[in-house]
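Both complexes below contain subunit A, partnered by subunit B and then by subunit C.
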Partner chain A sequence: MPDLGFDTLLKGKNFARLLGGLGVALKISLVSVLISIVLGTVLGVLRQRENLLLKAVMKLYLEFIRIMPQLVLLFIVYFGTTRSFGWNLPGETAAVIVFSLWGTAEMSDLVRGALISIPVHQYESAAALGLRKTQTYLYVILPQAVRRLIPLSINLITRMIKTTSLVVMIGVVEILKVAQQIIEANRMSSPNAAFGIYLTVFAMYFLACWPISILAGKLEKRWR
Partner chain B sequence: MDQEFIAEYIPLYREAAVLTVKIGFAGIAAAILLGLICEITDYFRIPVLKRVVAVYIELSRNTPLLIQLFFIYYGLPKLGIHTNAEVCGVAGLAFLGGSYMAEAFRSGVEAIDAIQEESAYSLGLSRFQTIRYVLLPQALTISAPALIANVIFLLKETSVFSAISLMDLMFTAKDLIGLYYSTTESLVLLVVFYLLILLPVSILGSVMERRLRYAGFGV
Partner chain C sequence: MPETILEISHLRKLYDDLRVFEDLSLTVHEGEVIVIVGPSGCGKSTLLRCINALEDIQGGEIRLRGEPVSKENRNLQSIRQKIGMVFQNYELFPHMTVLDNIMLAPVKAQGRKKEEVREEALDLLKRVGLESKADSYPRQLSGGQKQRTAIVRALCMHPEILLFDEVTAALDPEMVREVLEVILDLANQGKTMLVVTHEMQFARAIADRVIFLDEGRICEEGTPDGFFDEPKTERARKFLNTFTFERKGAKN
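Let's turn to the complex of A and B:
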């Protein structure tokens, strides 16, 4: 059995450094998801409105975000806006901005879907009972919609974690970058380390996302 | 905006776009095939393979394409499996997309009532005929929108190919930004070329979805 780099993993602080790298990715995802859930819910409710200008603006935003690869969005914010506006944006901030924009679009889709799935008679009954529009949403529609939303938003977390792997492309030091550094540093002592290290990174991402996916699946089944 | 620059580098982007589309569609075709195999394995409950498919789907769905590509491109050669970047790109896209395609097919199959299968049998259709003439046409119509959505998703995912030094659109843009510091022009070209690739597929998707809804399928 040739040396495939699993020893390198245990040398020094290598494993802890990889975990730290994963931590950076998870932190960016978590912050972006929280922002996305709040803004996405607001946007999803706003999309129910019949204001033409509002609709046009939101449509443009949603379609652009939906159709562009996230990496292109990252490039636009990280390289494009810094050049055009002359400000200085750290990679992590650029990542949070992009993933929040993307997550908000995704979340608003989920919220809209959940709201549409509520039968019309719920709205009508609420109106017949004399509830105002805000009351209808607050006491009748949202509590039902939230049940359908929670599994989907949990799913959004795993998608966010997977997407944040892209930040290495704009120079943020996260798990993949740390992996590259470890492989480079041990090039002489362990030339085949790329296999073991990248397999470990693969496993780490899997272990971060899998439990969340299972949870989302279980909740979806129970609350259907 | 430097229009001369844009005119000069359009051919470069065109070449890159062709590469993106070529590898993208090869990968998507492979993903559809893989997804179909997974779904068939699952549908007929083939003993051992069914387990393998279940593990594969979990692995594929819970890891990012970038990490999968890094493992395939930089990790696997250490085991003696040597390929080139293009093959890696296709393989990575197939590995990622296979599970999503399988899921799309499954949603189609599961949406069909058991009564369809039972009626077909009671009419004297064989198992093959039932699948070919009753189940498959309905399942495909129901899963078509999901399949198109997956195609768009996978085409977008091709943007990480630059990480394994394939000269795709991202690679070209990054190169030009680095070489000439022509950020705005490079990014505008990048966005335009991605729109040229993705918009037609997206429009096709929404037209198809509307038609299918009109036809009364997928309800």
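Let's turn to the complex of A and C:
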């Protein structure tokens, strides 16, 4: 059996440091996800409105976010704004901004899709029963929309968690960066550490995302 | 003469450029069962949807016990509560159990007590033979069971008038009967109903008055026996003929 370099994990506080790195990654994702869910829901509902200006602005925003690689967005927000506007954003803040912009765009798409997928008859049948507009949304439309939304948005959340690995590039010390540091520091004593450490990183990402995927599958089954 | 419940006068309805009704008037009295028949596209369903203000109208008036039914009326919600509507495709709320489907509007829209509504809902479900399905979800029911649930949902609001919009059109033949029997039973209880249907035998059995609608006009109206046995207009005769079959070739 070749030396996979797992021993490096047990040296010093390496394992705890990796976990701390995972914490940073999850913190960025969690904050961005929460912002995205709130703003995305608002925008998704607004996109139902027949307002041409609003539609044009939203379209521009969505296309921009969709076309732009997340890494380029990170560079613009982190490096670009520093010189041009003199904003000295911490890396984590820049990351949260970028991931929220991205998540909000995707989330608004999902919310809009979920609302559109509720048949017109459901609104009519509620209206025919004498329910008010707010009651119709509260008891009939939103519960159905949320059921359709949850599996999709959980998928988005796991994608966001995975994509936080990009923030290494703007100097945020998250799990991947910690892994690199550990490997660098142990280059002489255990040159094979790269495999073991990265494998551990993989396992940690997996353990963070897997339960979410399972939850999504369960909800999907229950709310078919 | 029994009291007038619903009065439609000079109704005018356009879909963009398509004229559905030009000048349609109809009065429904308490306890009356009116069956509306006619070729597809003649406006039967649109008429029912207008009565519930699910459609905008371009002229005329619809009044339920004297109160105008229109989207401009601030009381529209409370008027709609008095008009029970059953749709062709049931339109139950898929995320709620049968019982919750029935209880939602009485509790939320009418503000009635939960316990009282539950008792009534279970009682009504029992009457249509669905007491064992109270906690099932719509997807677990057959078409006929869904439609009976939809009828109970409308009934539980204590409506003054019930509108049935081709309620058996989406059902398998063997399920049609169970639904029609529920409606017949309601007629026997003296409920006021407007029924749009393609089931001619049923129409004949249940109707106090038959209305034949063609091209947005009331082409003919009369007693069921009169209408089905001796239609006065050529148009109605032709329409009724589409329901009888005759083999022209030799059969021996």
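We take it that the second predicted complex is superposed on the first by the 208 of 224 C-alpha atoms of A that agree within 3 Å, B and C clash if a C-alpha of one lies under 4 Å from a C-alpha of the other, contacts with A are read in each partner's own complex, and residues count from 1 in each chain.
In this section, a residue touches a chain if its C-beta (ideal position, glycine included) is under 8 Å from a C-beta of that chain, and two chains touch if they have at least 3 such contacts.
Quantities reported herein were computed from a predicted structural model and do not represent experimental measurements.
In the superposition on chain A, contact is made by A:Leu131 with subunit C only, not with subunit B. By the document's definition of touching, of the two partners only subunit C reaches A:Val140; subunit B does not. Touched residues of subunit A, counted separately for subunit B and subunit C, are more numerous for B. Judged by the touch definition given at the top, the superposed model places A:Pro90 against neither subunit B nor subunit C.
Contact residues on subunit A toward subunit C in their complex (touch as defined above): 121-122, 124-132, 135, 139-140, 143-144, 147, 223-224. Residues of subunit B touching subunit A in their complex: 58-59, 61-64, 66-68, 70-71, 74-79, 152, 156-160, 162-163, 170, 173-174, 177, 183-184, 187, 190-191, 194-195, 198-199, 202. Residues of subunit C touching subunit A in their complex: 52, 54, 77-81, 83, 85, 87, 89, 91-95, 104-105, 108-110, 139, 153-154, 157. Contact residues of subunit A toward subunit B in the complex are 4-5, 67-72, 75-76, 79-80, 83-84, 158, 161-163, 165-166, 168-169, 176, 179, 183, 192, 194-195, 197-199, 201-202, 205-206, 209-210, 213.
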